[in-house]
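For reference, chains read A, B, C, D, E and F in written order, and residue numbers begin at 1 within each chain.
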Amino acid sequence: MPVIRVEMFKRTQEQKRYLIKELTEAFVKTCGGNKDSIKILITEVDKNDWASGGIIIADKEN
Amino acid sequence: MPVIRVEMFKRTQEQKRYLIKELTEAFVKTCGGNKDSIKILITEVDKNDWASGGIIIADKEN
Amino acid sequence: MPVIRVEMFKRTQEQKRYLIKELTEAFVKTCGGNKDSIKILITEVDKNDWASGGIIIADKEN
Amino acid sequence: MPVIRVEMFKRTQEQKRYLIKELTEAFVKTCGGNKDSIKILITEVDKNDWASGGIIIADKEN
Amino acid sequence: MPVIRVEMFKRTQEQKRYLIKELTEAFVKTCGGNKDSIKILITEVDKNDWASGGIIIADKEN
Amino acid sequence: MPVIRVEMFKRTQEQKRYLIKELTEAFVKTCGGNKDSIKILITEVDKNDWASGGIIIADKEN
């Protein structure tokens, strides 16, 4: 533990690499613990599979 | 909030669009709140990755 | 399948009962399938455990 | 119920089939209940989407 | 990795201990890997928060 | 979107407040986007419900 999960729209590999580094440091800085025990799982969500207000995001952007 | 997640087998985009509309309305009707705050995330699961009774669904259908 | 998960702030048991009925009907109406196969799991989230914009919801309401 | 979710790196279909059989039997053996009610969902995670210690697993292996 | 999550109705601590031991062994036996890397997270779900067929489980049992 | 979920052992409300602030800033810094759209959900996990290597964490600490 801890496990951090991020669900977001598609990003570049470089952004994901940087995000993971920063999230890990944010956790250690605020909650302490061993950096190596922090697991992060990224799920990139397609805009056709995410909705708010009853409308799919991909539809809003068209 | 709220966040509604649906894990289901593959559907058409039209079905997903309709499902999201109806789930959002069902939430507002029963629990109130602001329609725009309702987030829905759909995950389509492959029949090779879902099992019941110890057997993968794709195997049951063959 | 399907599994529907709802993360929301606390509601009454009556609202949860009604929500579950309506979500189940919304799914069958839009995606078809067997009503009995639809599983719903509700997680009530404390306002101290949910944040947006970097601020815990409970703090915004104080 | 119950629902068992497994997040793991890619495996063969044969391994997934065997894993599901064994997890189901492990649940019945230890917690009882009806084998048919046990649902299992497998998510295969790309090594570019999983990190520990602030570093993406795919990067550690290069 | 892997992470195994179990959502189930309430069990005794002894059953949970035994379940975790057996699930871990089932994973290593079928998918290999290092036993220590296997993380398991149990969530006990109240019968008022789980439904199938549009009806809350706690209501079915009354 | 995005939604960030953190599963961790119990922390103080002050630590959670600080963690949320830092995770939100880490996301904006590395992936951009609108700070207000970032949702974070914290789940505090009991040491009796989390295991690694086949052993419940609470048992390891006794």
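Methods note: contacts are C-beta pairs under 8 Å (C-beta built on N, C-alpha and C of every residue); 3 or more make two chains touch, one makes a residue touch a chain.
Values in this document were obtained by computation on a predicted structure and should not be read as measured data.
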Any chain in contact with subunit C as well as subunit D: B, E
Farthest from subunit A by Cα centre, which chain is it? Let me know. E
What is the size of the turn, to the nearest 5°, that moves the C-alpha atoms of subunit A onto the matching ones in subunit B? 120
More C-beta pairs touching across which pair, A-D or D-E? D-E
Among D-E, B-C or C-F, the pair whose interface repeats that of A-B, with over half of its contact pairs matching by residue number, is C-F
Quick one: subunit A and subunit C, Cα centre-to-centre, how many Å? 22
Report the inter-chain centroid distance for subunit A and subunit F in whole angstrom, where each centroid is the mean of the CA atoms. 12
Could you list which residues of subunit D touch at least two other chains? 1, 3, 7, 25, 39, 41, 45, 50
What part of subunit A is in contact with subunit B in the complex they form? 7, 45, 48-56, 59
Applying the document's contact rule, which stretches of subunit B touch subunit C when the two form their complex? 1-9, 11, 15, 18-19, 22-23, 25-27, 29-31, 45, 50, 57
Name, in rising order, each residue of subunit E that touches subunit F in their complex. 13, 16-17, 20-21, 24-25, 35-44
